[in-house]
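We call the chains A, B, C and D, going by the order they appear; numbering starts again at 1 in every chain.
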Amino acid sequence: MKALRSTILGPVVATLLAMVIGGILVSAMGYNPFVVYGSLVSGAFGNAISVGNTITASIPLILCGLGIAIAFQSGLFNIGADGQYWVSAAASVWVGYHFTGLPGWLHIIFCLVVGMLVGAIWGGIIPGLTKAYVGSSEVITTMMLSYIGILLARYLIEGGPMQQKGFNPESPQIAQNTQLPYFNQTLMQSQLSLVAVAITILAAVAAWFLLYKTTMGYQLRAVGFNQRAARYAGMRVTLFTIIALCLSGLFAGLAGAVQMLGVDHQLLDGFSSNYGYTAIVVALLARNNPFGVLLAGLFFGALTTGGQNMQIVSNVPAALTDVLQGLIIFFVACERIIPQIIQWYRRRRSLHSSVAAS
Amino acid sequence: MNIFADPQIWASTLSMAVPLALPAIGGTFSERTGVVNVAMEGIMLMGAFFGVAFAYWTGSAWIGLLMALVIGGLTSAAFAWGAIRVSADQVVLGMAINIFAGGITAFLLDTVFGFNGTPVSTPKLPNVSIPGIDKIPYIGEIFTNQSILVYVMILIVILSHWFLFHTRLGLRMRSVGENPLAADTVGINVWRLRYSGVIIGGLLSALGGAYLSIGVLNSFSVNMTNGRGYIALAAMIFGKWTPFGAFGAALLFGFSTALGIVLQGHGVSSNLLQMIPYGLTILALTGLVGRSTPPAADGLPYEPKR
Amino acid sequence: MENFLEVIDLKKWFPGVKANDGVNLTLKRGEVHAILGENGAGKSTLMKMIYGLLEPTSGEIRLAGQAVHFRSPREAIHAGIGMVHQHFMLIPALTVAENVVLGDEPGGVNYNRREAVKRVRELSEKYGLDIDPTAKISQLSVGLQQRVEILKAFYRKARLIILDEPTALLTPQETRELFNIVRSLKAEGTPVLFISHKLDEVKEISDRVTVMRAGKTVDTVSTSGATPQDLANMMVGREVVLRVEKKDAELGAPVLQLNDVKVRDKSKNLRVKGITLELRRGEILGLAGIDGNGQFELADAIAGLLKPEGGQIVFDGADITHLSPAQRTERGIAYVPQDRHADGLVLEFDLVENTILRDFRKRPYSKSGVIRRGASEDYTKRLIQEFDVRPPHPSRKASELSGGNQQKVILAREVSRGPMMLIAAQPTRGLDVGAIEGIHRQLIRLRDEGKGVLLVSLEMDEILSLSDRIAVIHDGQIVDVVPGDTATREQIGLLMTGTRANAEVSST
Amino acid sequence: AGCGTNSTGGSTSAGNAAGSASGSTSSLKVGLVTDTGGLNDNSFNHLAYVGLQKAEQQLGVKGSVVQSQSESDYVPNLSKYAQQGYGLVIAVGYLMHDAVEQVAKEYPKTDFLIIDDSITDRPNVSSAIFKSEEAGYLAGAMAGLLQTGHSLKGLNSQNVVGVIGGQDIPPVDSYIAGFQQGFKKEDPTGKVLLQYTNSFTDQALGSQYAQNQMSQGADIIFPVAGGCGIGAINAVKSAGKYAIGVDTDQAYLAPQNVITSAMKGVDTSVFDTVKSVQSNTFHSGVTNFDLKGNGVGLGKVLSGVPQSVIDKVNALKQEIESGKIQVSANVQ
């Protein structure tokens, strides 16, 4: 109980601290901080629609975050989830419109599987092989492939084979029966899809099970912690390096596929999601624990949707969301300072009282 | 094709290497003392914005540059505080700085300068040619009319190498990044050196950012670093945490970007051509560079339980 | 003689551990004062407080009559304290010279590399600790690294020198040289605090002994007045069996045959240059040698961690030269590696995960790719009890255990796997007498059960007391194989330098 | 709030922040959703906002802006305004095509305006299409005339001009296509270098592209790349060459170097639509903004440009308006 309280207390106090500083900044710029924050919170949780939007926004973050967490647990830093996401998105969209006549559920599974495979290949093959055999830093290879992947996806719809006939650089829409049904359109008018939510929760459980309950996860973590001991234990370090990066890409790919089937329905120019980068923070704040990723992803989803509402309601420039987000992450990361501050405060107070007493 | 005969491609290479090499060397300092630094992107943005802002307000690009360094230094000091004093996760902190910097610079641009951006009357740093060298046929053209920061960068590369590998302080810095406890037991102040490493990193990153805004240009636009801080991170690793290595990687990257530009206009999709720098980097990394091992204590907080 | 150092009722409490809980100690000028105690008794903690690496919870440290409160080693160094650390405080990426001079480098702004090399060379010559100042630490054997650690302390000309288990990795010759240095320090009036688990060393070098148990100082006695047995009993708080009792070996069929095996290490140096050797069931074969002569590379090669450059490894009648480590494990090879932190354990894993490290693929620890936590945990609990691992919590991370207990976990895991052969490399390094006793008993039990044990050790005494046969390795080759019961220190010591004493012994 | 925008000369000092609730209770609320380029794109998002600000000041409507952070934000953002009772919701950019279709169907009572795209099958959606190719044509023609006549100080003997596109997308390409046709018309042997930066923000990259084109002999450069193009104009300025602005009148960026600007009236379209909703004359369907209606056109012309050139360009303008010249929006 006490442990639980202290794990929750840190982030809460950190968030408050960030909001105070953000509030001062906002006030200095002439806005009313209470209106600003009110709109942030109500935009994230104010009504059923907001909640739906928050959950929807968190799904790609969670899925990418799971992949990044698996890589981290295996001692690897996948910084290129963005590219894996977009390449897989492109692939699943292609499967989604190119094949027709399949039953809906089968077609959906087909799209998801292709998305995951492409993500796994993009994230795992080149970075994995070069890491395992040449020792190239996966930080560089995944990052470079991420840029390449985004350029590739862009090429596909800008004059490439996936461009819809016509003028605009966008792909055709995926078949109607592959579009994940929205959750109760009248009650909750958001793009929330229960199927996507189920996939996400399932993915988190799967990641947790894989990491902590299977021999594969055991080996991944062993390789991540101590390669020499892993080799001593008879594990194939190179193989598991490749597997870890593939798995990481697989989850990012799943994110791309789910987002396309559930929300976007087509490949649109822009490619500005940055999920891959935000998901790094999601994974790390969750200490690479899959269930933590679920929570951290929701938190960031809330910040995103709340931030959009904040602009609408209080006219604050969009950039302020990023300012707040940066501050919150900073202080949450520094939450360890809080007990120290409390201690310091107590000590000072007791000093004061002892001085007063004497 | 005689694209290589045109000195422009080399001049481009050099000038595009600056905003990569400077933060990459900055990151080298930080990581050599054991602090993983992914905050280059954000600190560059801070440097870029405040460089322009102060250049405009004071009418002097030099004061702008100075303030870019001051703000960059302060930002990295905040990062250093979190990373060193609080032992927070360094990657998370770095990302936090990046997100914050992207936000605050855009926010200030909007609220202070409005949507037309920074005023055109903002001064910029001078371009210079080196007398003597500019007379040499081919080479001269490369070194003619380059931003003064191009030459500053070359100086910094050399100085950094000397500092890290030939001075007592450099030796101590490296020892702190390799094994802080060992350094501590011989009486070295681990925290102070780590702070210095991170702040030097911040200064160099801010310099790289200022190069973008008041070196080549005289204006700021939202997210104008465009991921260069991350590429610099790659350049730092690529260069195996040495100044010359980082510089080389930055040159490679600048060159392949320039190549991508030159090759355009021959019917190939620009999207495909722009893959060149990234593809080339992977090839060079796997073909030539291979394993790059970071300083042993890179990313590990040091907190002696006293 | 006046007291140079006084420690008065010193306490250091870590969360959940009272590492020091009332320590009293006096150190006179020109005295060599040994500290004895079991693993985890708190010796290193005490030294770290004196050196400013840890701040006491309470109590007082006085130096030359003045109370001191060091907040960092910087201050302790300033006050003239030098320390050789039990766990190396070296920077593998730097050179010997750089490591030694670090913190007090010659030169102005520039680091004067040449001067540093010169000074270190002079220093190593003066103390007879032969070492190449320009070599990188990462290329040195652990024994050589220990010398660097000692050089570091001497470089700073301290007024008080703390030696925390400096001899754990030294050869007998090196130990002798170190003792010469200690004696000359003593003659200069420099007091020395000396920690060792080797009672004969303590007897040889120290003037007084302080014994610690469970964070408290039990007693301080004059060395000359105490026998090793007395000291051991004081440490452990019970009677300890110092001599190993064992029956005669009942030799069985060969379990391991090495035919002209050649091995290169990771930096591609040929370290094992053609070894032919046989290990039989029911025997302990000791592999003696000075560190760096290829014995550990050979062990790695048998376990499959290094690929042999040439030759053949036959295990239980089958050629296993090209099998993977996992396959060898499967066939019944157990291995206690030399470096327990780097190879033997995943420190971030808990004890359960560490005990199944080698067999996690098998039932009952896993089933169709799924780890069975319950069964694994039961097994771990059993081992913890059987091998007296402390603290007895299966969910503790391995990193939270003391070195001795970590070693017990590794040994428990390897021995209990029911192997046909055990390679034990330095199995008792850094352990206290009580723990050593337990581990030696396990090795003998294994042998008595008809398994083959290859004991690779730098401890002459360990080799002599346990081995049925002793193979001596020098420069990657076996100099000779001699019977264990008749071998003497002198004989083995000579062989270790590569000199064959007489032809008769080798013919047996 | 800092009132530093120089977009409008109006003296009404309504701080753009936290709209003061001084208007009538039933005042029209207008929501603007930008695409992921954001308000600082130096292009259509920015222009749409300028139009909205003008409407706020002159028509007394209450405006609100939200900048989308990813493609997935379009639907939620558009819906949010509709839910909150905004009378008009403006979607900036063709990328929001499908999002507008979907949301407009769900909120039939709300009026929508989409910029740079045409949606014809919804009674509550108005579309604004800009014939930026026509403006590009005139700009190209002017460049061609200047090149052939060498009629500006410092023009070299090669007839090379450069075009820098931000990305290979319709709103960019229509300008470029027009530019190419206009240039070829007046300078059939001249050469147009065309490159894409794939960025609308990276000024330094824009500057490099410009330098590269200048090293290939280009001395008039037409950047169609938002903020990235500003870098190009900057490079042109320091090299003493010439540029043509885009979207807005960019002469202020380099008064000695910007020959003219090819502009499109996104601000006008926004303002007009707000006005129509306010006066209940909103109509669905496509509104074409072209030369004829001054929906697109050229900006201020550099003083050094000979009158003959200006006359010729004006003649071309007449021909386009009369339909004698048809300008295609497809890049060659």
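Convention: contacts are C-beta pairs under 8 Å (C-beta built on N, C-alpha and C of every residue); 3 or more make two chains touch, one makes a residue touch a chain.
Labels paired with UniProt names: A, B = ABC transporter permease; C = ABC transporter ATP-binding protein.
It should be emphasised that the depicted structure is a prediction, and the values quoted were computed from it without experimental measurement.
Novice: Name, by label, each chain that touches both members of the pair chain C and chain D.
Specialist: Where chain C and chain D share a partner, that partner set is A, B.
Novice: Please state whether A-C or B-C has more C-beta contact pairs across its interface.
Specialist: The comparison resolves to B-C.
Novice: Let me check something: if the centre of a chain is the mean of its CA atoms, which chain is farthest from chain A (ABC transporter permease)?
Specialist: C
Novice: Using mean CA coordinates as chain centres, what's the chain A (ABC transporter permease)-chain C distance in Å?
Specialist: About 46 Å separates the centre of chain A (ABC transporter permease) from that of chain C.
Novice: Return the distance between the CA-based centres of chain B (ABC transporter permease) and chain C, expressed in whole Å.
Specialist: About 46 Å separates the centre of chain B (ABC transporter permease) from that of chain C.
Novice: Could you put a whole-Å number on the gap between the CA centroids of chain B (ABC transporter permease) and chain D?
Specialist: Spacing between the chain centres: roughly 34 Å.
Novice: Using mean CA coordinates as chain centres, what's the chain A (ABC transporter permease)-chain D distance in Å?
Specialist: Their C-alpha centroids are separated by 34 Å.
Novice: Got the chain D residues that touch at least 2 other chains?
Specialist: 1, 38-39, 168, 198
Novice: Could you tell me which residues belong to chain C and also touch two or more other chains?
Specialist: Not one residue in chain C touches at least two other chains.
Novice: I need the residues of chain B (ABC transporter permease) touching at least two other chains; which ones are they?
Specialist: Within chain B (ABC transporter permease), residues 106, 110-111, 222, 269, 271, 274 contact more than one other chain.
Novice: If two chains touch, include that pair; go through all of them.
Specialist: Inter-chain contacts occur between A-B, A-C, A-D, B-C, B-D.
Novice: Can you list the chain C residues touching chain A (ABC transporter permease) in their complex?
Specialist: 303-305, 324-329, 335, 337, 342-349, 353, 357-358, 360-361, 366, 369-371, 373
Novice: Which residues of chain C touch chain B (ABC transporter permease) once you look at their complex with the stated criterion?
Specialist: 14, 51, 53-55, 71-74, 77-78, 83, 85, 88-94, 98-99, 102-105, 107-111, 152
Novice: Spell out the residues on chain B (ABC transporter permease) that touch chain D in their complex, using ranges where they run on.
Specialist: Those in contact with chain D are residues 6, 8, 11-12, 15-16, 19, 106, 109-117, 120, 127, 212-213, 216-219, 221-224, 226, 257-258, 261-262, 264-265, 269-271, 274.
Novice: How about chain A (ABC transporter permease): which of its residues touch chain D in the complex?
Specialist: 29-32, 35, 49, 53, 56-57, 60, 151, 154, 158-159, 167-170, 173, 189-191, 259, 263-266, 268-270, 272-275, 304-305, 307-309, 311-318
Novice: Once bound in the complex, which stretches of chain A (ABC transporter permease) touch chain B (ABC transporter permease)?
Specialist: Residues 29, 77, 79, 126, 130, 134-137, 139-141, 143-145, 147-148, 151-152, 154-155, 158-160, 277, 280-281, 284-285, 317-327, 329-330, 332-334, 336-337 of chain A (ABC transporter permease) touch chain B (ABC transporter permease) in their complex.
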